[in-house]
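The chains carry the letters A, B and C, assigned in the order they are written, with residues numbered from 1 in each.
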């Protein structure tokens, strides 16, 4: 076959494109790395810069400061106070509400659609939950702020219209689809033979689902919970809009709360670049990053175990 | 051995996961000949073909040793021009594998990636390839239809014609008639007998009768071992090995 | 008998979730539809956002996701192609890349916002200003290009996952045919794999756009503006955006009651936009999956 002379030039172009493909493949790794470096870099002065450390350092962030108000977050007052414990408490209590609200609902729904429902019903329910996943968090935040808050306030008889319960439930709405999807995947990945064997021995559908399928899918279900937890901790807009945003050191769910993520969102816009406040916000950011990173690794590990369990050892 | 036309396989062994897929197989086929390879499933026939046109490069964990020469030049080396080898040693798969394109684009695939894009030239090549594959009459007026519209037998002949578009020196066929009706099978066998004039053909088949009908030389592979390799008539009338006799008389496999 | 009670309980979970979705969407549709008209879509906000429309926000959103798409699609598609067509299966490299993608998908949106500020604006943007513009401030500030690139990184996993699913649906035999006809790997990818993966790439792109159009946290400090009297027409302009506009209207409006109809309609528009995109993506994806099942 006679080859045109352009062959060598196209070979060169081919090499260039292939190089580009190989390089792009590392974009996710590079992206993660850059996130870590560039957020970490801005957080570092908390540990290294004497000027910044005078205003904010690790002990000021975490340890009690004065007798009257041992933990307070008042970054723009006369004497700025940067105790991030109220923010930790706020984040945790809202996350707890979200998880307690969302995980039972989502796992129940996943059990129903994977084990008990007829096919057509699953085809109906699954897209609706996917629809919920498609609602932007700012819309959920809007709904919690404008509509849900009044009902929650009335239902629980709470003084403050915006509070941790309200924000937690709204947060739960964002968590449900994640937990549902991962759990449903895990449950449906359990081989049919497990169910048949159980049914053949006279177990009812519920006994089969609860005693056989659920335990077999357990690592995947744990992954679902961990991912849901991670999402709740990092979610910003819902909490920013629905929680009242008061940095109070209190576990009372009926009081307003301020989360770590919402603090960044609310304050970074007005902060002076390079100030102690600026670096503290980046410190919060890198903490969130590392924390969710670790949660993701856990989830990944659980899923790997699930795959080994249901696929590898048969 | 250098300068010799055709394909020489010398002591070719292929191992995967500590298992022998092929054990020291030596074969040869020259232009004008059809080499039939028979043997039960799992004998290494397909592995051998995939190795010959370097498709085995895609299978991970294969360890290949031995020598294979095309017209005297080694084709197994790391530095061999794999793409060039694949164009010279065409392969037809066991099941019809039309790409999801029109008949025309399927046929033009090989030449186009080789740099031939002139429609006139492509049409000329197409006519001769399709005629060689006994398909011209059936498709010449509908080249722009999707290849998937053709029947199974037509698709397989299309795949043969598609390989012929490359004007290969060696044609490898891996059980090309396994899923086809007797009429399509006869058409392909007819095509091979004519094509033999221009190239060396290696026909892997698990249909013993097919080998006896079309092959000039026949090799019997069993569990990766070359049991017997002889002119077809000799192998089918006076097999030297008991296992060959058992296999061709249908006592096993 | 106890079993039936528990089964009913799981059914109730489904019912609650479906009801919640119905209530949220019903509420927004009911109140959002009211003050929606063509003028609302085509005019700018007036009177401190208590009147007028949301055209600049729609325009900004479209411009933003367009830029994002241009960045994320090539990157995501090439990553997927590398993972599925180039890298040796089960190799270390693949595991690392997959792990990174999985993790990237789990990084909180607000962290992307911080990254956009710290990397794109403070490092890249300032760098460009210093080196090419003699320190004149042009790129070292919030701008639509930085917001778009930040969102591109956030949506990268979406595109990679969707593209990979499409690549998996292509039969191995098609690849082998291409190789056996003398194609190089890149020729195989270009002529056999890509044409068949278009649906998956489209799905990924649409899902990414739908996600990108709804995310607010990453653009808070990277380019979104409260109000702008002009439309963005340069890469380093700031922009108005639907999601951010909702946040602003809901939390910083001078007159909440007066803004409410506008707010609802804005939410309605954003929802219609993201759902239309999602439905298209789901539809294309289900067609790909059906083909995959048919060929197995």
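Basically, a residue touches a chain if its C-beta (ideal position, glycine included) is under 8 Å from a C-beta of that chain, and two chains touch if they have at least 3 such contacts.
Keep in mind that what you see is a predicted model, and the values were worked out from it rather than measured.
With centres computed as the average of Cα coordinates, no chain lies farther from chain B than A. Here C is the chain whose Cα centre lies closest to the centre of all protein Cα atoms.
Note on chain placement: the centre of chain B and the centre of chain C lie 49 Å apart, centres being C-alpha means. Between the Cα centres of chain A and chain C there is a gap of 17 Å. Averaged C-alpha coordinates put the centre of chain A at 55 Å from the centre of chain B. Looking at chain C, one finds that residues 184 touch two or more other chains.
The set of chain A residues that touch two or more partner chains is empty.
Multi-chain contact residues of chain B (touching two or more other chains): 87, 114, 166. Residues 88-89, 173-184, 187, 191-192, 195-196 of chain C are the ones touching chain B in the complex. Residue ranges on chain B touching chain C, taken from their complex, read 53, 55, 58, 60, 83-84, 86-87, 90-91, 93, 95, 97, 99-100, 109-110, 112-114, 159, 162-163, 166. Chain A makes touch with chain C in their complex at residues 14, 17-18, 20-22, 24-29, 31-32, 34-35, 38-39, 41-42, 104-109, 111-113, 115-117, 125, 127-132, 134-143, 145-147, 173, 176, 180, 204-207, 210, 227, 230-231, 233-237, 240-241, 261, 264-265, 268-269, 273, 281-282, 285, 288-289, 292-293, 295-297, 299-300. Those residues of chain C whose C-beta lies close enough to touch chain A in the complex are 2-4, 6-7, 9-14, 16-18, 20-21, 24-25, 27-28, 74-75, 78-79, 81-83, 86-87, 93, 96-97, 99-104, 106-115, 117-119, 122-123, 153, 156-157, 160, 184-186, 210, 213-217, 220-221, 243-244, 246-247, 250-251, 260, 263, 267, 270-271, 274-275, 278, 282.
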